[in-house]
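Order as written gives the chain letters A, B, C and D; numbering starts at 1 within each chain.
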Amino acid sequence: MTVISPFWTNLDQIFVLLQQWIESFFPLWLQPAVGSVLGVVAIVAAFPGIFALTTVLERKGLGRMQNRLGPNRVGPLGILQPVADGIKSLTKEDIVPLTADAAVHFLAPVVLVIAVFLGFAVLPIGRNMVLANLDAGLLFFFAIGASTELSIFMAGWSSRNKYSLLGAMRAVAQMISYEVPLLLSSVVAVMITGSLSTVKIVEAQSGFTGIFPHWYVFTPWGFAGFTLFVIAALAETNRSPFDLPEGESELVAGYFTEYSGFKFALFFLGEYLGMFSIAGFAITLFLGGWGAPLSVLSFIPSWAWFFAKLFCAICFFIWLRGTLPRLRQDQLMNFAWKFMLPMSLLNLLVAAAWRFLPEGPSRWVVCSAVLLAAYVLLGRVLMRHQHLGARSYRYAD
Amino acid sequence: MLGEGILKGLGETAKNFAGSFVSKERLTTVQYPEERIAPIENTRDFPFLVYDGAEDADEAAKLAGLRCVACQICEKECPPKCIYIVKSTDKKPDYVGKPQIYPARFDIDISVCMSCQICVEVCPFEAIKMDTEFELSTTDRFGGLLFDRDHLARSNQHYHKIHPTEAAEVDARLAEEKAKVEAKAKAAAEAAAAKAAAASAAPPVVKPAPAKEPGA
Amino acid sequence: MTPLAAFLIVAALVFAIGLAISLTRRNAILVLIGIELMLNAANLNLIAFWRFGPHPEALTGMMFAIFSIAVAAAEAAVGLGLAIAYHRSKKTTDLDAMTRMKG
Amino acid sequence: MIFGLSLVFILTSILTVAGALAAALLRNLVHCALSLTVTFAGLALLYLQLDAQFAGFAQILIYIGAVAILVVFAILLTRGSGIPEHRSFSSSWLAGLVISAGVFSLLSWAVIESIPASAARATPQLTVQKIGQALMSSYVLPLEIVAVLLTVALIGAVIVAMPESSKGGAK
């Protein structure tokens, strides 16, 4: 590790020092409480801020991909667009359908946002900047992730209309069937690190050989695990190719059809925060958390790297949303159970082999060969009965 | 191979994304209030009545030059029935000087009008044409969108400005018709004069063979 | 009132409520919910005794609880499968009507 | 620290018991299922207070994540049942109540009588790694058995719940 001058270490630990400085004003018995409250306030302020930024980024990015300008009316270059959206959703009238089950209808977005915010507790944002360094941090995150399905179901069922119930059923089925590959592909990183704690996983990836970091994504099983994790993460947060539950065309807006005003904004916030937390975990597990990509660059503060990687992940999500068409429900399920599950199980095997094979190129070749062979084979099995010839129009031509 | 298509697609959108920053002509958005594209030749929004006279003529001059003779064909033909005409009791001379009825009241409810241009096609007197003015938003939903005769009357020059080719054809046709009518009037006048001269030269003689057939 | 006793009281209360549910309600699925509650109460007992027991580092109590959670989940799945199958054939989940084993 | 118990414990136990009671008394089935989830969450918090972190998270993951959704799906699939809503209590509800009250009083009497006021144990040093090693070393047999049991049970549940038509082929 190159010697980092005190200025940079202070910059790196600036938030931790700030927290300790504020804590010093309080009596001793109160300090841990104040520390955690500050951490919570920081997260609750930072991530919705990123959410506001992402809405602008998404609309401008999608616009640019479709050869048009994004919103540029509200504020210079459309920067104040989220403020406008926020005020609009706050002032919009909050209509609750007559037959809806008022209590559950109100609780659904609340449960979703609480569950998603809880997920941020175990996310290591910077060097010793994690809100709760739990021993089983990853398990906590997936447990909380599992409870978001319940809130989606509550929303769908309580609005008492067929479309939202259908959307909720589809969303829950999709999230459950993609949770299995999500967990299995993250078990790979846990297996090699030997601990469920997110901080230990990041530390295990923080070494450098030459100038290249020891990120898991640069190993064959790590790369396979990363792609599987990202695909499952997309499905888990109902985004881009997997946004069938909110299929505007046929399901109006899926499970949040009957929501308007602030509750709709809460769902919107919940979905985006879910995207950030799952992207954060993809970064923690496979992209070295807050580690610098090159040893030379490690003077830049750790939290800056985390947010830079989060920014790249968000841009990737937007890029995917601008490109890929929506998957049909059966293709979605087929893909999960026939491709993702076998691949992640095999990935576990390959990671085990990786751990017990001797160092050096031999294990690289073996692991990558196994994974590539499986990829091609499974791919052919999946594509067997699809005739992907040129599209023929019955009447057009 | 599974996933090839995805990568090609991603490449395509990335090219678009990068391209939109580099080459400006990719972005086709027109910032409407600030930038405007010229309306194409045959855009049509809501009808207006044509009058032959100066652009800034006053009410009386507008009425005098008005081509409409209140024949109510357009009122009957209009599918959404948004034209309302009340005939005038007296007559006024039209562009060839022949006394014609004119519309005492000619209302078009443009909130009902669907710009189908049928009134223009059926009008035998080229009196009603389609305007290209579309920024007509008002606060009053009923009165504000009910245009009366004076509001509808626009000069022929305006017509030339918005539909140049079509206006030219119409003017040519009107001029030719006017010439034909005048020729006939002149011929009729000559025949009348000749008959008057013949009658005065030989009143006692029996009516001679009819004079030469006046110009067809 | 030691903490252990308090935990056991709470577990007993949840167990009693689970028993009450399964005994008084007519709907098969609610009876399954009652059974689920009873199983959870038992887990709570296990972990309470493990935590306040003589040597907690032996992990026996907690492992037992984890396995019992897994088994209870499997049981819930089978129970609900039965309830759905019964509903499909007899169009009712009313327990009082389930008197014949045939079919 | 009200009469020897921490405030947090009292709050979570109230939450748990309230959830359980709501599951018992509410008329609407889906409300019962949701209050069941509240009970599961309360129990998970109780586990965390007993420093059983792994059990607490496993409880959340398995019960709230899967079993609650399973129950709710089952309720939705059997909605057309013939029970009129108002008679949702079985005919012999009084007997059930008396029995459960008896069980509760018996258990609580036993608890209060037998537990000596023992000193609070030191919190055990417990890491997930130790659990992993225990699972792999002394508990490897139960682990395999549970694995087999889970697969068999779930396949059985699916076959039982499969509609007649597609199952016909299996005969």
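Going forward, a residue touches a chain if its C-beta (ideal position, glycine included) is under 8 Å from a C-beta of that chain, and two chains touch if they have at least 3 such contacts.
Just so it is clear, the model here is predicted, and its values are computed rather than measured.
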Chain groups still in contact once chain A is set aside, others held in place: B | C, D
| item | value |
| --- | --- |
| Pair exhibiting more inter-chain C-beta contacts, C-D or A-B | C-D |
| Centre-of-Cα separation between chain D and chain C, whole angstrom | 5 |
| Chain B and chain D, separation of their C-alpha mean positions in angstrom | 81 |
| Separation of chain A from chain B, taking each centre as the mean of its C-alpha atoms, in whole Å | 62 |
| Cα-centroid distance, chain A relative to chain C, in whole angstrom | 34 |
| Interface hub residues of chain A, defined as touching at least two other chains | none |
| Interface hub residues of chain C, defined as touching at least two other chains | none |
| Residues of chain D engaged with two or more neighbouring chains | 54, 58, 66, 126 |
| Chain contact graph, described as a line, ring, star, complete graph or other shape | line |
| Interchain contacts, given as pairs of chains that touch | A-B, A-D, C-D |
| Chain B to chain A touching residues, read off their complex | 1-3, 6, 9-10, 12-14, 16-17, 19-21, 26-29 |
| Residues of chain D touching chain C in the complex | 3-6, 9, 13, 16-17, 20-21, 23-24, 29, 32-33, 36, 39-40, 43, 46-47, 50-52, 54-55, 58-59, 62-63, 66-67, 70-71, 73-75, 77-78, 80-83, 87-93, 95-97, 99-101, 103-104, 107-108, 111-112, 115, 117-118, 120-121, 124-126, 130-131, 134-135, 139, 142, 146, 149-150, 153-154, 156-158, 160-161, 163-164 |
| Chain D-facing residues of chain C, complex | 1-10, 12-30, 32-33, 36-37, 40, 43-44, 47-48, 50-53, 56-57, 59, 62-63, 65-67, 69-78, 80-85, 87-88, 91-96 |
| In the complex with chain D, residue positions of chain A that touch it | 101, 104, 134-136, 139-140, 142-144, 146-147, 149-150, 153-154, 157, 172, 176, 179, 194-197 |
| Contacting residues of chain D [partner chain A, same complex] | 28, 30-31, 34, 37, 53-54, 57-58, 60-61, 64-66, 68-69, 72, 76, 126-129 |
